[in-house]
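In the two complexes below, subunit A is the common chain; its partner is subunit B in one and subunit C in the other.
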Partner chain A sequence: MDKKTKLKSFNKSLPWILLLPLIALVLMFYISPIVITVPLSFTNMGLSFKWMFVGLENFRNIPRDPIIPQIIRNTFVYVFTTLIVFNFGMAVLLSLLTTSISDKWGGFFRTLWMLPRITPSVVYGLLWLWIFDPSKNGLLNIILSLLGMPSQDVFHHNPMLLIVFANGFVGASMGMMIFSAAIKAIPVEYYRAAMVDGVGWFTIVRKITLPLIRWHLLFITAYETLSLFTSYQYILIITNGGPINRTNVWALYTYQTAFSNFKFGYGAALSLVLVGVGVIAGLLYIRNIHIESTSNALEI
Partner chain B sequence: MIKKEDYKLGFLQRNSSKIFNLTVYSILIILSSPIVLAYAWLFMRSFSTGMKHGFIPIGLTFNNWRFMWEQISGLPNVWHVTLNTIVLGGSVAGVVLLVSSMAGFALSRFTFKGQGKLLLLILMLHAFPTVSLMVAIFYILRITHLLNSLLGVILLRASMDIPWATWVIKGFYDGIPREIEWAGAIDGYSRIAVWRKVLLPMVKPGLIVIGVFEFLSGWSEFIFITTFIFSNKWWTLSQYTYTALGGYRFADYGLLTAISVWYILPVTVLFIFANKYMTQMSLGGIKG
Partner chain C sequence: MKKFLIVALLLGVLLVGSAFAIRTITITAWTIGPDIPSVNRFNNLTAAASRLNLMLKTVGSDIRVKVKGFFDTVNWNDYLKKVVFGLQSGQPVDILCTGHDLIAGWAEAGYLIPLDKYIKEYWNSTYSAIIPSLWNAMKYKGKTYGIPQDTEARPVFVNKIALRKLGWTESQIDSLPQKVYDGQFTLSDLIQLAKEAQSKGYVEWGFYHRPVVGVDFFELLNDYGVKFYDPQQQKFIFSKSGMKKVLTFFYDLTNVWKITPTTLIGSPWNSVHKEVTAGKVFAFMGGTWNWAEWQKVWHKTNKELKNMFLPIPLPAVKKGGKPVTLSHPFAYMITKNSKHPEIAALIITLATAPDLNFKHDVASGHLPVAYTEMGYPEYTKNYIMVQGTKMLPFTSFVPNSPDFGYTTQYNAILFNAISAVESGESVDSAEEQMLSRLEGLYPGRVIVEK
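For the complex of A and B:
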């Protein structure tokens, strides 16, 4: 081979050389775990890390597990309450309100709502523990006592509320940013025309803004449902599923099965559901990028 | 002819836009108040001996910050832990920058077989929730001897963020005209030299955004640390704060808030000095 063809073949393989580290890491931390989860779920692997295949036993055990019905109920309450009130509801409200005032102040409020998202999760957890502190020192009880109302012990009486609020204040910002960007992209002529007709803010929102961002609304609803389903970080920090599993959800229970009880085989079986959800989320995401809607949010 | 008094406007009509604005601002302030109050409390509480009515600070003190010069029972030395956290943040930023700037260049400037599919895969992985793979990742870290090591967490955290970073930096490369590259080639540069000497300096703004964001990503990492690190020699501030939270929750807010304020220092700096970029970059990196 002379020098020229050598260089040519080097240039041809150059993109793959540049992509090598990316591909290696993707293989190691995405592809292999996905592949390994499947055979792992047919074993009863524990702390001994022996591959002992037990057939379908783990899957037969799931419906027999006495705690599973409660877990499923909690998961639905957690996912849909958080979604409706915050990740969708609050997100729509915030995006409509912050785009109705000056850009400077609208941007200020949006930045404020990003703060929970960039705060380390442990510190963020502390903030909510304080807000719902059952003693007189918590924010909620300070406000209640100012209003002359009795103190509340949310932590023991309605722990799911705490979880929904903590997750919701983080979750609302994603929808808020995407909806705000979509609203700002609506041609201003539409609004002028509506103003000439003399219609009010609510009519404009209902007849112009919301219909025009309906794909974004749909995407966020679907995507956030899936991502709430697999998220457990804040629950782990704030209540760790307690008191007595009242805030335990599928994703957290999977985690506890593997890392508190060291039942890796059973944990893998439980996590197959989550992997399925994850794959759907990924497919949904690329489909949506194809219809170009979130690309502006991604591209900085 | 319409006389002036024929179309008198009521108070509400005359001031409708003011009233509208007032309403919008009021709602926004009420909705955002838990965030503002919680962070205000966090900072104030860390420097005070207690709170009157739970919210008004009384008595300036630095006793809450004693973890910086004293041993707190159940917690390792905070400086060592902080150093680990800096190493984690810095290494995650380094790995992500290196890998994504190479991959982004390949994806933006070359055409090769399977390119479109690879791009789709990268996007899909960006949306994929890694936490669902924890069990299998534990196994993989075990057989590669990366359990209980910061290196394992660095590689893992970096891998989670690389799809996002690659996508972002590819966008920056795409924005550079091809002519600039050709000019470099005419000067006798190889493609690698063009990349290093011409393209990389031009995508610097993107690299800075990714670097800052990835530093924070490593700095804040919690789940991987708490699951894959067993010895407090390798703890970072997330595990340190979490352990303190377990031992002193509802009991010593002074200590907990002081530790938290120390921990969120980089976030605070970013929020005060660069909040314009914060909103832009936070979105892609973390999943809702």
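For the complex of A and C:
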């Protein structure tokens, strides 16, 4: 093999060599857990960590588990309320508002909204616990009592609201950043032309901004849906699924089954269901997000 | 030649040096409070290692023992995960110190080694002094897997200040515990007093219990005489009438008598302690360890606490009946991963010395596990310890079965039912859900009784 051929062959394999560390990491931390989860879900592995295969028993137990209907309801309420109100709705609103004002103030408000995301989860969760502590020692109730108003018990009366808000305040910042960047990338001439034509802010948003960031909107919707289906850390810290499982969602129940009750087999079966839901949702989104068509989205 | 001599000299020095070198054996101990004052569960092991090293030095041994590890104050679940995954991943853990109710599950899973031969070996020097009933809590399938480290009682702390405001004299207050022991003062008497104290504005709330899941709630099952587990058959017993009585008690607390806030379940522990120690609650189902916590964390003096609280066992349901309390003895255990089980056993034995154990009891508000500890003059002066020990004849333990302990779900199912009724759900509905959850999780292992 001459030098030229060697170089050609090296150049051909160079991308793979460069990608190798990443591929190894993905295989190790993303693919292998799924691969291990599949056989694990067919066992009754518990504290002894023994691979005792029980066939489809764990999957048969899922519909028999009396808590499952409540878990499904909670999961859908949690995922879609957080998504619609915060991770999508609030994110769009924030990005539109912060890009409509000066860069200095826009940046300031965006930084403020990033604070929950950069605060450690445990600290953030504990802050919510303190704010909504149902006793008189909670921040909300201290403020209400100073105002002469009766104490509120959000924790018991609207626990799902608490969870949605806690997750939403973190979740909104991701969409806000993506949407803000996308809005800033829109050529300013479009806006100037519209303004010359005397178009108002709402019409500009509806006719120019939103169509031009459609792909980003779809991407965030897809990404955040999948992310919310598997997220549970703030619920774990704030309510641990309570009171009486009213905030328990599929991902948290899976975690509790595997790592609190040490029923690894059943936990694996539950997590496989979540993987299935994620794959289906992911495929549906990919099918419906047409990147190429977004370039022609502007209809002025 | 010169080089050879230097090398030979160096080798000689090394050999002589190594002959006198001290070999250190490390014993790893993973312990938990989670209450902060119980830190001597770990510290006593290091103190035991110091004593052992002194003995080894005295007899001219070249071995020394070092204890390393941790004392966990975060929460049970984190500790359990550390233990389960640590042991399975081959971590060299020698000693665990945790609740006895984990013994069955961990012994069944092969995490622990039986300690019978070590107990026999050190019986005369140390273990013959252990209160016999505690050994029952350490056994699983006829083998002993734990060495009792401490125990406790779970008294109801009655607010003496409120009693005084209700017109009780000091002698009436002092005689109340005996009335409880004799079965003359019942649970409904306690509730009546709590209602009265609350309605007259002497306290904000009449009755508090723990705000999170825990074994304390088994006390109510025991008080109402509800059997919930058959250890022989390893099956749960679900007495519909019995469970109805227990759930009705919790329903009435918040919905009928209104002496417990519906917000109690889910409140942070800090809020509960803050209100109890501020005298805002008439009766609090706590534990002897709270006495130490209130001193260390809530800065109350022993005098203030004695002036404020009267610890009594949970009064009997029926007049003439026996009161109840529940103990959750802690135990030192040796893991299958230990490479030096003999040394670990020796360390545990030395850590069970009455002076070390007593130091832990005083600091943490726990009760002695050995008769030898009761000989200390400080014991008789320690109010909560003496009061707690009086309750031990009325105590019971969590069943020794893999179905119980922090790793299992019965506690959570019972707690969920209690949470449901306290938040206003009907007793029938909560009971139905509880049974269906139990049957769903333990198919064929629930005996339903009328």
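Keep this in mind: the second predicted complex is superposed on the first by the 230 of 300 C-alpha atoms of A that agree within 3 Å, B and C clash if a C-alpha of one lies under 4 Å from a C-alpha of the other, contacts with A are read in each partner's own complex, and residues count from 1 in each chain.
As a convention for this text, contacts are C-beta pairs under 8 Å (C-beta built on N, C-alpha and C of every residue); 3 or more make two chains touch, one makes a residue touch a chain.
Quantities reported herein were computed from a predicted structural model and do not represent experimental measurements.
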State whether A:V275 touches subunit B only (first), subunit C only (second), both chains, or neither. first
Looking at A:N137, would you say it contacts subunit B, subunit C, both, or neither? Reply first, second, both or neither. both
First (subunit B), second (subunit C), both or neither: which does A:G46 touch? second
Partner chain(s) touched by A:L129 [first = subunit B, second = subunit C, both, neither]: both
Touch check for A:M177: first (subunit B), second (subunit C), both, or neither? first
By the touch definition at the top of the document, which applies to A:F259: first (subunit B), second (subunit C), both, or neither? both
On the A-aligned overlay, A:L22 touches which partner chain: subunit B = first, subunit C = second, or both, or neither? first
Tell me which touches more residues of subunit A here: subunit C or subunit B. B
Touching both subunit B and subunit C, residues of subunit A: 49, 129-130, 133-135, 137-138, 259
Any idea which subunit B residues touch subunit A in the complex? 20-21, 24-25, 27-28, 31-32, 34-39, 41-42, 51, 53-55, 98-100, 102-103, 105-107, 110, 112, 118, 120-140, 142, 144, 155-156, 158-160, 162-163, 166-168, 171, 191-192, 206, 209, 216, 219-220, 222-223, 227, 237-238, 241-242, 245, 249-250, 253, 256-257, 260, 263-264, 267, 270-271, 275, 278-284, 286-288
Provide the residue numbers of subunit A that touch subunit B in the complex, in ascending order. 11-12, 14-16, 18-19, 21-22, 25-26, 28-30, 32-34, 36-37, 40, 49, 87, 90, 93-94, 97-98, 100-101, 105, 107, 109-123, 125-131, 133-139, 141-142, 169-171, 173-175, 177-178, 201, 223-224, 226-228, 230-233, 236-237, 251, 254-255, 258-259, 264, 267-268, 271, 274-275, 277-279, 281-286, 289, 297-300
Subunit C to subunit A touching residues, read off their complex: 77, 80-81, 84, 88, 105-106, 108-111, 261-263, 265-268, 270-271, 274-275, 402, 407-409, 416, 419-420, 423, 425, 433, 436-437, 440-441, 443
Subunit C-facing residues of subunit A, complex: 46-49, 61, 64-67, 129-130, 133-135, 137-138, 153, 155-156, 239, 242-245, 259-262
